[in-house]
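The structure under discussion is supplied below as structure tokens; questions concerning it will follow.
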Amino acid sequence: MAVHAETFEVRTKGKGTYEVTDEVQKIVTRSKIATGTATVFVRHTSCSLVIMENAAPPARRDLEKFFERLVPEDADYEHDDEGPDDSTSHIRMALTRTSEVVPIADGKLQLGTWQGIFLFEHRRAAHRREIVVTTMGD
Amino acid sequence: MAVHAETFEVRTKGKGTYEVTDEVQKIVTRSKIATGTATVFVRHTSCSLVIMENAAPPARRDLEKFFERLVPEDADYEHDDEGPDDSTSHIRMALTRTSEVVPIADGKLQLGTWQGIFLFEHRRAAHRREIVVTTMGD
Amino acid sequence: MAVHAETFEVRTKGKGTYEVTDEVQKIVTRSKIATGTATVFVRHTSCSLVIMENAAPPARRDLEKFFERLVPEDADYEHDDEGPDDSTSHIRMALTRTSEVVPIADGKLQLGTWQGIFLFEHRRAAHRREIVVTTMGD
């Protein structure tokens, strides 16, 4: 059994979903772990993670539009120091995920055919986002 | 420390919650891990996992009805290649979970008295769903 | 590689978010694991976990108010044996998290600057809540 950890950065350019599956797989490959898990963790409260349909961009646009309607920027929030995307970004993060754990077999992430790992950015402005990947296993 | 992984299949017959706690516990038992974690991962984007009240079926029906109202099939989605349960199934999945990590002590899942692990099917048609369980520990 | 597990209790006094970051870090420290993960798991279906903004209480109040509106107590639920906060507490739990996995480096939780780990209580009455922390790594 061994453990391996690496951090990488994603540069976002406003709200939306950004695929990071390849970056996570590269870390899994470098870790030389054949059987085990990869824990993906995003170190922020105004963006999140989501495993989502990786083939059809309209499916991701529907998801993004759904969150605009469910957590609208023009509702009455108490916390708006950083603008109308302040509290909305925290709420959208809380409704999705901060950590996701994906199994590894034969050195590969065991994602289904249509699954991709995405960073879900909830801020309008560009940001640098840190993701920590920890692999464990044999 | 050791790692053990197995995959099992759930045959769903339309939308709803399907308990898989016993299948996960059987894998934990076969893995002979006394102290550690069981990572449960579903390999699909149109169903999800949820740890839910395991005793009262009305509680699960309320959850299912809530999602029908929150993510209605008759809203205006761009992605509907596979019907009105296409984008809705991805959104409902994103709002619940793809991976869940449950502690193991004395070879048993440390679920609370009322906690069960459920596959949450978001599709109308019957499907075969794959769940990967990875146990790690001593 | 080693595994270490401890359970602690949180006494809640009605609905709201209760920070548990310090309790989790103390267990990480006692486990003497330098590199690895801490799995945090709450053993209940009427409260949940959320990693949330740890500095501005208004951000947490906005989150709590959002859930009151999204899953209102006065909607029509079938399951209300324990009152209007019965089904609502399970639905709010399903929309947030039961397990969260946080990376450890140099013996410290690798939370971002603004991230705290919170128990999210969905019940009006006071409760004792159990959280299991499992650390694994080197």
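Here the chain labels run A, B and C in written order, and each chain numbers its own residues starting at 1.
Note that in this section a residue touches a chain if its C-beta (ideal position, glycine included) is under 8 Å from a C-beta of that chain, and two chains touch if they have at least 3 such contacts.
Only a predicted model underlies this, so the values are computations on that prediction, with no experimental measurement involved.
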{"item": "Rotational angle, Cα trace of chain A fitted to chain B, multiple of 5°", "value": "120"}
{"item": "Interface residue identity across copies chain A, chain C - same or different by half", "value": "different"}
{"item": "Inter-chain centre distance, chain A versus chain C - centres from mean C-alpha coordinates, in Å", "value": "19"}
{"item": "Residues of chain A touching at least two other chains", "value": "1, 70, 95, 97, 101, 136"}
{"item": "List of chain B residues in touch with chain C within their complex", "value": "1, 35-37, 50-53, 56, 58-59, 61-63, 65-66, 70, 95-97, 100-103, 105, 110-112, 114-115, 136-138"}
{"item": "In the complex, chain B residues that touch chain A", "value": "1-3, 5, 39, 41, 43-45, 70-71, 77-79, 81, 86-87, 90-91, 94-95, 97-99, 101, 130, 132, 134, 136"}
